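So, here come the structures, one by one.
Both complexes below contain chain A, partnered by chain B and then by chain C.
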Partner chain A sequence: MLEGFLLTVFACTLAIIGAVIIGALMASLRTSGNRIVRGVAFAYSDVFRNTPFIVQLFFFFYGLPEIGIYIGAFETGVIALSIIGGAFVSDVIRSGILAVDQGVIEAAKVSGLSRWTIFTKIVLPIALRTSVRPMGSVLINMVLTSSILSTITINELTGTAKIVASTTFKPFEVYLVLLVLYASLTYALSLLINTVHRRLNRAMDTGGAA
Partner chain B sequence: MIVIENVEKRFGETTVLKRINLTIEPGEVVTILGSSGSGKSTLIRCINGLEALSGGSITVDGNDVSTKAGLAAARRRSATVFQLFNLYPHMTALENITLAPINVLKKPRAEAEARARELLKLVGLADLASAYPQRLSGGQRQRVGICRALAMDPNYLLLDEVTSALDPEMTGEVLDILAELARGGTTMLFVTHEVEFARRISSRIVFLEQGELIIDMPTERFFAEDGGFAVPRIRQFLTKMKKD
Partner chain C sequence: MRYADFTPYDLVLLAQGLGVTVGLFTLTTLVGLLIAALFTLVDYYRVPVLRQVIVTISEALKNSPVLVQLFLVFFGLPAFFHINMTPFVAASLTISLNTAAFAFVIFRSGIDAVEADQVAAAKVYGHSRWQILRFVLLPQAAAFSIGPLVGLLVNQLQVTSLISVIGVFDLTKIGNILNLRTLEPFIVWTVVGLLYYALAKLLASVGARIEKRLRRSVVWEGI
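Up next is the complex of A and B:
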């Protein structure tokens, strides 16, 4: 099961990076002044948050090849997980963006900084710092959701556990170990998130006291 | 020169500023006095473009703040210090001061940093260049706020109740610096409740009452028995401020 465990860690790491990038981008678009841009970004997160992940996954894995888009199972899984994660992460970062102190933004405006500079150097960096902790539960959910990748032939942790359980006829032991492994994985992730939160917010009074 | 002509500002049904006329010449220190809610801060926010005018016009060295290009030019000529400091919380004192010089004035980083250190030294914070705002006291934060404004080499310094959030000791620290700047010839428009301080440093005092500019006098005249003090509303205001 070690290989499966490592594959889960690998897939989740890629998907979390993807989700944070997509989430930051979508959150930025959702706070844009342009109505169309905002609409598209809202539609993205609404569609993906309001449909079951397994259906999205099947759509990408079984549906896309029919219209000529072929990507491997692992890639499909990581992309699908990034997309759904990104939809939830964008919610968190968007709240972070909206919570940035207006006074700080006003100070930046009157000093003549461009909207782009204000957003990239002030608003987004502050929002990302305040978002780390609330993002935690989203990222942990992504790790748990990654077990569904086993349904599209990816032998990650749950996939290998299934195989081991059916060959050893010891489902109790196997699935118990599986539960413990997922629990340790998410616990490690939450420790990591706390560390990142402390690092980034050490200097900054963001209201989110540790 | 800042020229404010017939400026009106309404928020919905409420009129906050009524036909304000005021001119600030280079080298002047003009204090705006008035009760809370008289429109003092709103006037500052109209000059730096944080509020759009409902009527009238404001020009800063000839640049009309109601046009996009005019506002950009006006903002390069003036700098604002805020009541609640509004420092960038994720940046050190030095970064707070150098951000706009580097990005707006396109100064080389080394030059901007050298100037920032010079300013920090001027306000007695040379050792705190790499401190984050959270680590600073209110008075120190405001001094960084003043450095941030000065780093833009403004022709005009707009000060919006810069000591209202500070205790008396910290207020002293900040006022000392402003007095120093006034002596050095910095043009300032100063919204404050510090009447005695205003008397010491300003060349002119204007008084706002419910959005109307009712007095515009040289400082000496304003405090004279037969000048501003002879106006019942001013006498009432000054007497009350003294008691507090």
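Up next is the complex of A and C:
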């Protein structure tokens, strides 16, 4: 089960990085001035948030080879997890962007900074900081969702537990341990998020924002 | 006609799957909300021991994957306690408890969101704890809770798709069957996805309507 545990951690780490990148990108698009761009980014988050992950997973798992894209189950799983995570993250970051004080943006404009600089160097960093906490619950949810990857033959934590349960004939004990393992994993993640939150806000207070 | 082609009967299958999904979702929502209400009562009256037990259970359910909970109930319980368990019973039990765990937190924060001054004022007038709950806290907490609650239920609707893994013939399971037979993943999963999407949107619009009504009946327009 240790191997499965490590695979879960690995898959989640990759997917979380992917989700934050996709989320930040989509959030930027959703706050853009162009209506079509905004509409597309909204549709992305709307569709992926309102359909079950398992359906999305099967869509990619069975669908990609159909159009000639042959990648392994693991890659498919990580990509699917990044995409649904990105949909939720984009919502969080979007509200972070909208919450940035208009005065700060005004000041930056007056200072003669270009729109691109204002967005990437001022608005986005502030938005990411305020988003850390709500994003935390999204990321925790992603870790829990990663258990569904076991349905497409990936032997991560849940997948290996299934094997152990069927070889030892002790499903109750195995799944109870599994439940505790996931709970400690999410607890560790929430501690990490708290640390990041505190550190980023300290940087904010001392004006040491990069 | 090849065996692998779509047939009109597939629509019947899809409709059946949709029915199972909607039925199980409705059942688990009702049971889940009822349990959550009981949990909230226990928490409100500060029943010793029971209160800690409930908080622990709710935390455990919130911090572990639903899939693992399903496996624990469907494979674990029968093996450990030597009882019979059908996929449908296991699914209903798990999803109900899961909904209850999340709804409990929403109800509790709804009650917490009501100003403490109001409760103090009601106490001074000599109202009992039950009267305070019924006439002061409940109407306002309901208005506060309904928004997050609808969000939760939309999410729980997606969660019901996991019961296909333990063999309940819901919409996702039917999708799986059609997918394996026709080998048309794009068509099958798009249709299944759209059905879930439509259900979620329907649920959200009904929720918005209820929220409007509840907000209207609250005299104090909070936040």
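The working rule: the second predicted complex is superposed on the first by the 203 of 210 C-alpha atoms of A that agree within 3 Å, B and C clash if a C-alpha of one lies under 4 Å from a C-alpha of the other, contacts with A are read in each partner's own complex, and residues count from 1 in each chain.
The definition used in the following text is that contacts are C-beta pairs under 8 Å (C-beta built on N, C-alpha and C of every residue); 3 or more make two chains touch, one makes a residue touch a chain.
Note that the coordinates shown come from a computational prediction; the quantities given were computed from them, not determined experimentally.
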Give one of first, second, both or neither to describe whether A:S147 is in contact with chain B, with chain C, with both, or with none.
second
Applying the document's definition of touch, where does A:F42 land relative to chain B and chain C: first, second, both, or neither?
neither
Applying the touch criterion given at the start, work out whether A:R129 contacts chain B, chain C, both or neither, answering first, second, both or neither.
first
Considering only touches as defined above, state whether A:G112 meets chain B (first), chain C (second), both or neither.
first
Going by the touch definition up top, name the partner, chain B or chain C, that contacts more of chain A.
C
Please work out whether A:G103 is in contact with chain B alone, chain C alone, both, or neither, and reply first, second, both or neither.
first
Which of the two partners, first being chain B and second being chain C, lies in contact with A:K162: first, second, both, or neither?
second
What is the shared patch of chain A, the residues that chain B and chain C both contact?
none
State the interface residues of chain C toward chain A in the complex, per the touch definition above.
59-60, 63-69, 71-72, 75-77, 79-80, 154, 158-162, 164-165, 172, 175-176, 179, 185-186, 189-190, 192-193, 196-197, 200-201
Contact set on chain B toward chain A in their complex:
48-50, 72, 75-76, 78-80, 82, 84, 86-90, 92, 99-100, 103-104, 132-135, 148, 152
Which residues, counting only chain A, touch chain B once they are in their complex?
101, 103-104, 106-114, 117, 121-122, 125-126, 129, 203-206
Mind listing the chain A positions that touch chain C in their complex?
47, 50-56, 58-59, 61-63, 66, 140, 144-148, 150-151, 158, 161-162, 165, 169-176, 178-179, 182-183, 186-187
